[in-house]
Amino acid sequence: MPPGPESFLHFGTLDALAAGDSPVHRLDPRAKVLATGLFILTVASFGRYEVAALLPFALFPAALMALGGIPAAFIGRRALAALPFVLLLAAFNPLLDRAPMLTLGPLGVSGGWVSFASILLRFLLTVGSALVLVATTSLDGVCLGLEKLGLPRAFTQQVAFLHRYAFVLGAETVRIHRARTLRAFGRKVSPREFAALAGQLLLRAWDRAGRVHVAMLSRGFTGHLPARRPLRWKGSDLLFTACCAALFGALRLWSLPRFLGNLAAHAFTGGRP
Amino acid sequence: MSAIIEAVDLAYRYPDGTEALRGLTFSIQAGETVAIVGANGAGKSTLLHHLNGTVTPARGTLAIDGLPLTGAHLVEIRRRVGMVFQDPDDQLFMPTVAEDVGFGPRNLGLPPDEVEARVQGALALVEALALGPKPPYRLSAGEKRRVAIATALAMEPAILVMDEPTSGLDPRSRRQLCRLLKAFEFTKIIATHDLDLVLDLCPRTLVIHGGLIMADGPTLEIFRDEDLLATCHLEKPLSMQGCPVCGG
Amino acid sequence: MHMSDALVSPAVGGGFWVVSGLALYRCGRKAAGAPVPLTGVLGAFVFAIQMVNFAIPGTGSSGHLGGGLLLAILLGPQAAFLTIASVLLVQALFFADGGLLALGCNLFNMGFIPAFVTFPLLYRPLAGRARATGTLLAAVAALGLGAAAVALETRLSGISSLPFRTFLAALVPLHLAIGLVEGAATLAVVRFLTRARPELLREGTGPRWPAAVLVGAMALFTGGCLSWAASRNPDGLEWAVARVQGPAPATPLAGDTLHRTLARVRAGAPMPDYAFRGQAAPTRGQTSLSGLLGGLMTLALVAAAALGLRGLKASTQARKPGHAARP
């Protein structure tokens, strides 16, 4: 689902958040990338009917948001905006998987609804952690981390250029689109018009790339971009990564909600389930 | 004293056949501030692109600081000539201002401390130290302009070449830029439509029209030559025209 | 067509990460033959142009340009692959459009297939004299194959309950239609460029027979898929399997496993993998009420921890001078 024109504002907000300063921001980007990767992998490794066991994982993005000063409402809105497509797919689960699986007191809940809830939860967790990663590390930081972790330089440099010029080209697109709308009197963009618009923008982009290249050459560029600043693992980074790995492993193997639930059940019902 | 820029019969033709430059001959001494003026399409930008070897002339010779414009000397020439383009967005392509200003020094192979020193020095010269960690798209037009100049200054050039430095700037930014440029002591070559800037900053002016040099001399003389200005589709600077309010 | 992490298993996600990662690595090493400013700026262009919708004549709906095929036409397969990868990464990180674990899958579906399969096999050979056909075929094939891949990857992950056939039957025809729109839009832009700046476009080369084979295979595949999906009887599969097994009796265990697997496939139940192992957990032992209670308590704990951390951060920040306001 392509983002609309207002999406370019989102770029700016996430970048602004990433420019903040907090203990989370100061962590080595590799540590954050690894932790997030491990998080997503662990969440994805749960069985399709797991719901309760997934809940404690919310601690990871929640803690990072709290310590990093990232507004939860913003992340929540961004996550929800991407929800519809997944919701559509997930909605088939309750429809197709009708065998009752649990009982909540008098209510019977089918396996389909359980897996539906699981999918939603996975979605929120994985999307939330990805957004928090960018919000606390910046795209440039993530690229630097990925580069040091082994991704090719040519690729990460390209992502940086994309990011740099997305705003510029986005603004050009909005301008050219607006100019067209002012003389369109309500008619939608026809395929012919689109070809002209896209073609113009493409040529402008191509020419701009040429000028940027000239600018790079003018400052001594010889085809190899100079090396990025070296990253050094600090004790805090290693500790962070290790703790995250341990936490995810523990939560994967042991369900906190079940433990708490059992405690509660024992407390209220005197031992009788 | 040998000239820092020596051009003899410089000519250039676009791929589609249009002759952009039809034989320019001029020389510029070290320390001069020279303006290049002319109507749109006269060939100003094309001439500027020759000055750092972005473009190779079809005919004629060009020597920068004694070095002829050939492949072997290109790196050295680009070290000496700092170029500031018309659109700062073309020039600021790194994720942050500091990285952009440091791009040139890093390409020169300087050690990281030296790079950092040059970045700080260049940003200080253009009064933009606070902008270091910012991404370029968050800068205002005036800030972008100054940072773009800093990217060239970080190379510690002997010659600074600028293409329309004041276009799109609000009066205050423009004033600030003028002041900065006045303080720079190296050779400056400025292609511009801003004739008041020329009057303020550049004792010498080259007038280009139709790919040829129509005039090369003291700025004030050129701006007093009304026939010349008319032929070249130019006007007197506003500060030299009669005051529309009091008629003086 | 972006796959979310919510529907991907580590095995599928990881597997495709390896495949796409290798391709990315190789393309990166070759430096792709195009300067970085160009591929980066064109990536930004693709990003920007995806915002612009145009009306599809005859229908009430609108389409947009995905850009994968166009990139391949302008930059060649390796550079296009890198560019598509960068677009997908930014989409995944900034817009939650596609997951990070699923990035390998998405890159394969939307990058590898158009750049290394349909572009060289369908567009290149036909671009010389039958460019319109080549463009449309390449786009349709790329989206159709991509959609089939999505269905396959979703099924292999085992998290969605959608049976493979149903998903395929829903996704592939839809994406064939989308492919037609994509092809038409790409063709229109290519035509514009041919008039305006022909030197930007690469020449079409390559033998034609792979195109014919691929088109033929795709037609068979699509037809086969659709009829299989439409048919109520999956016996064809079992029959084929039984035939392959031959007259020699299979060991009881193998046959039993196979039979159970097939039975499960028919019922739309998960295939044996992580999902299956996990299935037993919530139904074991105690009533679900305690599970619900436990869940609520966990959430409460997490929320409390988060608020506590925020409070801690706020109090330490207040002590620091010059604290900038949040945008």
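Per-chain numbering from 1; labels A, B and C assigned in written order.
Here is the rule we use: a contact is a pair of C-beta atoms (placed from the backbone, for glycine too) under 8 Å apart; a residue touches a chain by one contact, two chains touch by 3 or more.
Please read these numbers as outputs of a predicted model, since none were measured by experiment.
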Touch-based graph of the chains, sorted into line, ring, star, complete or other: line
Leader among chain pairs (count of C-beta contacts): A-C
Geometric centre: closest chain by C-alpha means: A
Far-end chain from chain C, centres as C-alpha averages: B
For chain A paired with chain B, centre-to-centre distance based on mean C-alpha positions, whole Å: 44
Centroid distance [mean C-alpha coordinates] between chain C and chain B, Å: 49
Separation of mean Cα positions, chain C and chain A [Å, integer]: 17
Numbers and ranges of chain A residues touching at least 2 other chains: 139, 160-161, 163-165, 168, 208, 212, 216
Per-residue multi-chain contacts in chain C, two or more chains: 37
Where chain B touches two or more other chains at once, by residue number: 93
Contact set on chain B toward chain A in their complex: 49, 52, 54, 75, 78-79, 81, 83, 85, 87, 89-91, 93-96, 103-104, 106-108, 112, 133-138, 151-152, 155
Contact set on chain C toward chain A in their complex: 2, 4-10, 13-14, 24-25, 27-29, 31-32, 35-45, 47-57, 62, 64-65, 82-83, 85-87, 89-90, 92-97, 99-101, 154, 158-163, 184-185, 188-189, 191-193, 196-197, 200, 268, 270, 274-279, 281-283, 286-295, 297-299, 301-303, 305-310, 312-313, 317, 326-327
In the complex, chain A residues that touch chain B: 12, 15, 19, 139-140, 160-161, 163-165, 167-168, 208, 211-212, 214-222, 226, 229
